[in-house]
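To start, the structure itself, in structure tokens.
Going in written order, the chains are labelled A, B, C and D, and every chain counts its residues from 1.
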Amino acid sequence: MAAVQMQGLVKRYGGRAVLDGVDLEVGRGSVCALLGPNGAGKTTAVRILATLVRSDGGRAEVAGIDVARDPRAVRRRIGLIGQQPAVDDVLGARENLVLFARLHHLGRRAAQARADELLAQVGLAGTGGQPVRTFSGGMRRRLDIAAGLVLAPEVLFLDEPTTGLDPAGRRDVWDAVRALVAGGTTVLLTTQYLEEAEQLADDVCVLDGGRVVARGTPRELTAAVGGDRLELVVADPARAREAAALAERVAGELPVLAPAGTGERVVVPVARRRGAVGAVVRALDEAGIAVDDLVLRPTTLDEAYLRITGADRARSEVPA
Amino acid sequence: MTALRTREPLAGRLRWAVADAFAVAGRDLAHWRRQPAAVLVGALFPVLLLLMFTYLLGGGMAVPGGGDYRDFLVPGMLALAMVFGVEATMTAVVTDTARGITDRFRSLPMAPSAVVAGRCLADLASSAVGLAVLIVAALAIGWRPAGVAPALAAVGLLLLLRVAFLWIGVYLGLLARDPSMVVAVQVLVWPFAFLSNAFVAASAMPGWLSAVAEWNPVAGTVTAVRELFGSPVGTGGGWATEHAALLAVGWPLVLTVVFAALAVRRFQGLSR
Amino acid sequence: MTAVLPSPPAVRDRPAPPSAARIALRRVGLELKLFFRERQQVVFSFAYPVIMLVIFAAVLGGDERPGDVPFTHYFLAGIAATGIMLTSFQAIGTSIATERENGQLERLQLLGTPPVAYFAGKAGQVLVTTAAQLALLLPLAHYAYDVPMPPDVQHWLTFAWVAVLGALAGTVLGVAVSALRGSAASVTTGISAFAIVLQFFSGVFFGFTELPSWMQQTAALFPLKWLTQGMRSAFLPEEAAAFEVAGSWEHGRTALVLAAWVIIGAVVCVRTFRWRRADG
Amino acid sequence: MTTTQAAPRPGATATQRETAVRVRGLVKRYGNRAVVDGLDLDVFRGEVFALLGPNGAGKTTTIEILEGVRKPDGGEVRVLGVDPARGGRAWRARLGVVSQGEGAPQELSVREVLDHFAGYHVTSRPTEELIAAVGLEEKAGTRIARLSGGQRRRLEVALGVQGRPELVFLDEPTTGMDPVARRQFWELIRGLRADGATVLLTTHYLDEAAELADRVGVIADGRLVEVAPPDQLGADLRRLARVRWTEDGAVREVRTESPAAVLRDLLSGPGDVPGLTVTRPSLEDVYLSLVGAPSTVPTAPEGDLR
């Protein structure tokens, strides 16, 4: 059964359709990343699912419950971490968390204990009673995330959760999300940071202009755009062309030459043909071309995304 | 998939609604602890006004039907202090909405009523403190209530008035997009205050204005509280003055019902 | 859609930045545009003096003030002064506190905007809105309540310089109080409370001579008292001067105090102006 | 399918090493906590310098001191040859700043904001050109209050480069921008650089630093702990490659300094090696180990063949 389900979801603001018939399903215990340009309707979709906004058409269910019909039952099962930190800035970090824990109906003791745990988890344990007003953007963000995790929710909505966080903070958040998912939580995540989607998401859904323009696993999306590529740096730049020619013969596609730090970099698209990597390496070895560096890297989701929503605006539907 | 509705027993839900309301109110009380100056200024402003009016108008103002102007003014000021509370409520609501706290509450499994009930509790508590300060100040300049029991009844009526203005504040707070609207309300509260019997007896005003002042939502409370405190009432006046006690209960109830309904509608409108 | 900016010439020796006056002019345009886009603000700025005039005229219309001056005549001067205070002091103090809180001033600082140009923008907006407000109030007072307008050119001139100096002094006072610590909301509340108390002290609602002397002396430190007195000198007959505290209109002193507020205040504000919120 | 590599970086070869920003022993304390604690920094004219570091490491404070809006407690600072604390308007006019705040009036449209602030510079870039450069064409008539966070960020960037600055400070400029906007921003920065402007930016996106910067500096605990071109940062760490493949349904991994040799061994047998990848520590791995955060960088070769 799907933990999150949207069918033909429509939302208009002043005649303009922000969501224009969105269908999406997120399986229980999985992570789905909602991607799309600024203003594509991602936040609106999350706010509808989190019962903050009513849709103008279509249906949305969270944990099997219609969000319009029984919002309170939905609220008991969700956690929301919105784009703007929503915490009381007169109070301190701990006071905030105790308040939210109390509103999740934890007892006084339990609320305080939970607050302390969360503070330690997001690295704010040392802030004492300092009012949140004096926090930096990153600290506020961490507090906001802690506030969304008071109880492990059945479904967690994360709206650009790591915006403004440093790489270490980002990894902390990812770890926290993974731990929740391991415990059975379903996560719907929006992000502008595609590595985040690659790291966390089982499924990716790209929104553009209020519609779903692509959907699939990160692997499927990247495969639809292009396969892996093999990047080699040959020790002797003079033999780069030779290496490229060899690679072309073996892999069957035209490699690209580009100068690298010490030698010459050859980029060989390998279109996921099994054995191509081994064949290229073997052929080079036989020809006596020494390889300094060799990296096989998949086409990134970035590249796939840019193709899907990017400059050419060519919309490619990817079969799910 | 059929929606599974979990029905908690009513008693349990009620208990949580109360607990949630206290948790929300507790947050405001924590604000007091952190910003005592703001609370102090709020409480002292009506005191300042009381002293100023007593001092300024005390000599020249004759109270129709006799009596000391100071004794006439104190109940009026007490009622106006409740009216001024509208600004505090509005500011709190606007700020919470602007900061996303309202949305945070709306996404929590708490009782939706607790957001407002908590606001109610906290604001009533702060108004009660304000009343106490103002009464002490009035006692200090020589005003004396008639007895303890009627005085308590008067305080009850005043807080009832505060409830009405609380709802007006909640509604206006939800209506306002940014804090600059609060200034507008702060300024417009004054004409409202002058158009009542708080400073001048309604009977001392010219024709149509006298009627307006008599039917002002505060007027019933002011007159009833004057009677309860045994302060001069300012004679004359029509039906409205005769039935002050009725209006003192009726007006706040009507206002509460109307503005609570508007506020709830507006609150639900947030999800548009 | 890939747009690379075309190359500008590599300028090392760039010409001097635009003058403070030019930026000030731009600020005035911007401030006016912003003011009139905030509809509620416009309505209440213009409505408040009118409402107060109507109410007070109705409540106390029969009264007379010292020197047999009908209440409405006396009160128009007060309410015109209050209106000016509202559009200058109160509006400016509130808006600067808000702009500081939401980071608009930070941008101006980074652009190297001279504070004086920023103030000038505010002042320009104040002068325009004050003029509009008075243009609404005076005809109403004249046609609905028979309040006489200044009888001759000289009185109109008095009215003009008092209004302009008063508006400018109010602006400076607004800039000064915006520096109070705390959130924009708390500064706003503080400013409103201060404005109301100042109105009572300065003889807007009551005859100034009826006030206790400590209030008179406190009020004399702030522009509103002088503004109100100056307005009375423009609207009331010469004989009424006898009932002022000093027994005369004190034009010289009024000009002096208001100008001092404008000049000394502006210098102090330029020196001490904070573009950012204080840390912590 | 064709792949292109990033353009070569001529900046590294330039011999003029004139500094646009020069900092020695910078100290800034809040209370008794030193946020910046003896920082040295040189940014050369014409280069793009990326400052990396954890939240709270002192990046923003440093930049604000360079902008002259915060006073240092110690050390020497020169920006375009001028002490920022004494920089006048002529000095400021040579700077462009994109701070973390948002300073545009909410009631104005994108175009109105740009038109207004154009008047603060002697030579401003034309509004339409700026709007196109940050990809806000469709939002040009929209009021700021209705823009999304990422769109506001783009406007801030446009405002920051409006006055054709010689030196641009960008504090987390792309936070909240979508990937397309981010790439557009990269183009914009490359354009500035090509025109000879100096750029100092902070970012939490290491791909951005790798893409744009001639040199990267990592700040930790208020000091600069390493400065190098992005592909040379943490050279020791990077020498270790990780070779992975699948064997009997399990993932095997070898960490080595000479992946080619391992590959030769692996591929010497007949048939294919499924799931074969060779990766080197990314800039992010290097960065995390520099700032002392737990990372996945191996410290010594481990694992064995068969």
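Everything below uses one rule, namely that a contact is a pair of C-beta atoms (placed from the backbone, for glycine too) under 8 Å apart; a residue touches a chain by one contact, two chains touch by 3 or more.
For clarity, every value in this text was computed on a predicted model and none was experimentally measured.
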Joint neighbours (chain B and chain D) are A, C
Pair sharing more residue contacts (C-beta pairs) when A-D is set against B-C: A-D
Please report how many Å separate the Cα centroid of chain A from that of chain D, as a whole number. 21
Calculate how many whole Å lie between the centre of chain B and the centre of chain C, each centre taken as the average of the chain's C-alpha atoms. 31
For chain A versus chain C, what separation do you get between their C-alpha means, in angstrom? 53
Distance-wise, how many Å sit between the C-alpha centres of chain A and chain B, to the nearest whole number? 49
Note: chain A residues in touch with at least two other chains are 311
Where in chain B do residues touch two or more of the other chains? 35
Given the complex, residues on chain D that touch chain C span 30, 67, 69, 88-90, 92-95, 97, 99, 101-105, 107-108, 112, 116-117, 119-123, 125, 129-130, 132-133, 135, 159, 161, 163-164, 166, 184, 187-188, 190-192, 194-196
Touching residues on chain A, where the partner in the complex is chain D: 36-40, 43, 83, 136-139, 160, 163-171, 192-195, 226, 229, 253-254, 256, 258-259, 261, 265, 267, 269, 271, 274-275, 277-278, 281-282, 285, 290-297, 302, 305-306, 309-311
Provide the residue numbers of chain B that touch chain C in the complex, in ascending order. 35, 38, 41, 45, 48, 52, 55-57, 60, 87, 91, 94-95, 178-184, 186-188, 190-191, 194-195, 200, 205-206, 208-209
Chain B to chain A touching residues, read off their complex: 1, 3-6, 16, 19-20, 23-24, 26-27, 30-31, 34-35, 99-101, 103-110, 112, 114, 270-272
Could you please specify the touching residues of chain A with respect to chain B in the complex? 1, 50-54, 61, 64-66, 69-70, 72-73, 75-76, 78, 80, 82, 84-91, 95, 99-100, 102-105, 131, 147
